[in-house]
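As written, the chains take the letters A, B, C and D, and residue 1 is the first residue of each chain.
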Amino acid sequence: MSIRIFVTGGTFDKEYNELSGQLFFKDSHLPEMLDLGRCLVPVDIRTLMMIDSLDMTDMDRELIVRHCQEVDATQIIITHGTDTMALTAQLLAERIKDKTIVLTGAMIPYKFGSSDGLFNLGSAMAFVQTLPPGVYVAMNGRYFHANNVRKNKESGVFEELR
Amino acid sequence: MSIRIFVTGGTFDKEYNELSGQLFFKDSHLPEMLDLGRCLVPVDIRTLMMIDSLDMTDMDRELIVRHCQEVDATQIIITHGTDTMALTAQLLAERIKDKTIVLTGAMIPYKFGSSDGLFNLGSAMAFVQTLPPGVYVAMNGRYFHANNVRKNKESGVFEELR
Amino acid sequence: MSIRIFVTGGTFDKEYNELSGQLFFKDSHLPEMLDLGRCLVPVDIRTLMMIDSLDMTDMDRELIVRHCQEVDATQIIITHGTDTMALTAQLLAERIKDKTIVLTGAMIPYKFGSSDGLFNLGSAMAFVQTLPPGVYVAMNGRYFHANNVRKNKESGVFEELR
Amino acid sequence: MSIRIFVTGGTFDKEYNELSGQLFFKDSHLPEMLDLGRCLVPVDIRTLMMIDSLDMTDMDRELIVRHCQEVDATQIIITHGTDTMALTAQLLAERIKDKTIVLTGAMIPYKFGSSDGLFNLGSAMAFVQTLPPGVYVAMNGRYFHANNVRKNKESGVFEELR
């Protein structure tokens, strides 16, 4: 069965609007990134929203949970802004027990030459195939259990709570 | 304990010599790639050789096996040219049973903008942390058991033997 | 005599702040860009300010004029945000008659893989060596006289007034 | 009238063949490079050959001369391997007096992230619009008269003969 990828936006997919000089969201770069990585794992990509995770509401999170519940796939990757990634992971962990769900993202937009996005996507793709059912955050080459992770706002890196 | 990374060369690390117009090996790009991926997994990188895997001799493979046997680390990544990656994996699988060893590489040099290297390295980093002891090839987002993999010379992709 | 390059900021030099998710200015990328272009023309780079050209005040423009007047160099490149580049060019043209001054910039930050910056810098470097004294805007492979150029806000491209 | 661009190959256009691990020529990257530079100068691109300039024969050079003679355009850019660029420039200078012809190239293939190609193309585009009739080599931000240039084989840079 294919791995399902749900796109929610985040730094991963930010682009530069050359008229306004602002960052914005257009289309997801996931298909392009998987092509670049020459990924041959069957995947099915769906964009649920294209937002900064600081703007994500409770309703948005409900929508993500429902999609994860209803999809047939038992291996799910969610691309997500890093600022509230841990929060979404915790909600998913409370509600879904029988699937392997991996949230990942990037510190630097993919379209910037220096993005960590491709590395993170590669690791998320591997973790989702090998970890037992549960909800995880995959960043910086590591994986964290949804109930034991936070983003350190000062250093920008993910770390265990305890 | 740190993950050990053994560098053996391969397409990953090929560079362009602007005076001769030929591809050649200088230093490994692994540290730079891990920085780009903002990898926070403790790793210890050792360069064993810097060669095209078509030039790899039996003696070179013996050297790789011995290093894998003697190192304390139980999680090992080997960067390797793709042409004979399956061969080295098979030799390692015969001789080493109690460690998780993941071989990975790239179809396009890292220094080319369009390389699959960062994606593969991200997946190798994840597989080595999660797969049980054994020897694996990690390419195209997938992992293969050492005894059930070959590179399809025509398509350039790795596939199961059966 | 060296070509003088005055850096004033603009899209050229915008970077992504990974903690705040905002674009900001740190150091100029000019030295890095000239290295990448393997530029062997003697240049002397001075940063006058690092701002978005929408934030440029009359006093900032006075400062740029004075630096152009007082420097010994007779060939000057100014990197500048595109939004008010034409305005600064016109002021310079009124006040300085005996030097070749070329303003250039970028629509996409250099640090984005898809920047037009390196192309524009290459053309500015050539125009400043070959055009007669006067003030010019160099964008899109073209050059414009300071008194006959504006940025079309809708299309984002520079065009003649008449 | 449009600027004519004649493509002859050279490092500019080398690509990596991922099956053979060798560099090779496929299509020219010129259109893509001009798009990236957002070039708005009208150009007309013709590929005459796609070869390493070390493999360029007298007959190939005759072909280039004839195309430059017969085309209506009076401003011509030729992309060319650097190894024999000076030689082709000298032949053109003997035979064509009434057009501005600028030869340019790259030390690193465009497809490598670290290419000087876009900078050189930007400068060639500017030089061809501003220099008087004659034949020139544009590299490293500089221009050289066809009769006073050679590539220093040791340093890889172009320099005056005297």
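Keep in mind that, in the parts below, a contact is a pair of C-beta atoms (placed from the backbone, for glycine too) under 8 Å apart; a residue touches a chain by one contact, two chains touch by 3 or more.
Nothing here was measured: the structure is a model prediction, and the numbers come from that model.
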Based on mean C-alpha positions, I'd like to know which chain lies farthest from chain C. B
Please work out the Cα centroid separation of chain B and chain D, and write it as a whole number of Å. 38
CA centroid of chain B to CA centroid of chain C, Å: 45
Between chain C and chain D, the Cα-mean centres are separated in Å by 26
Two-or-more-chain contact residues of chain C, please, as numbers and ranges. 107, 113-114
Does the chain-touch network form a line, ring, star, complete graph or other? ring
Can you name every chain pair that touches? A-B, A-C, B-D, C-D
Parts of chain D lying in touch with chain C, wherever the complex brings them together: 33-34, 36-41, 107, 113-116, 118-127, 129-131, 138-143, 157
Could you please specify the touching residues of chain B with respect to chain D in the complex? 11, 14, 16, 18-19, 21-23, 52, 54, 83, 107-109, 111-114, 153-154, 156
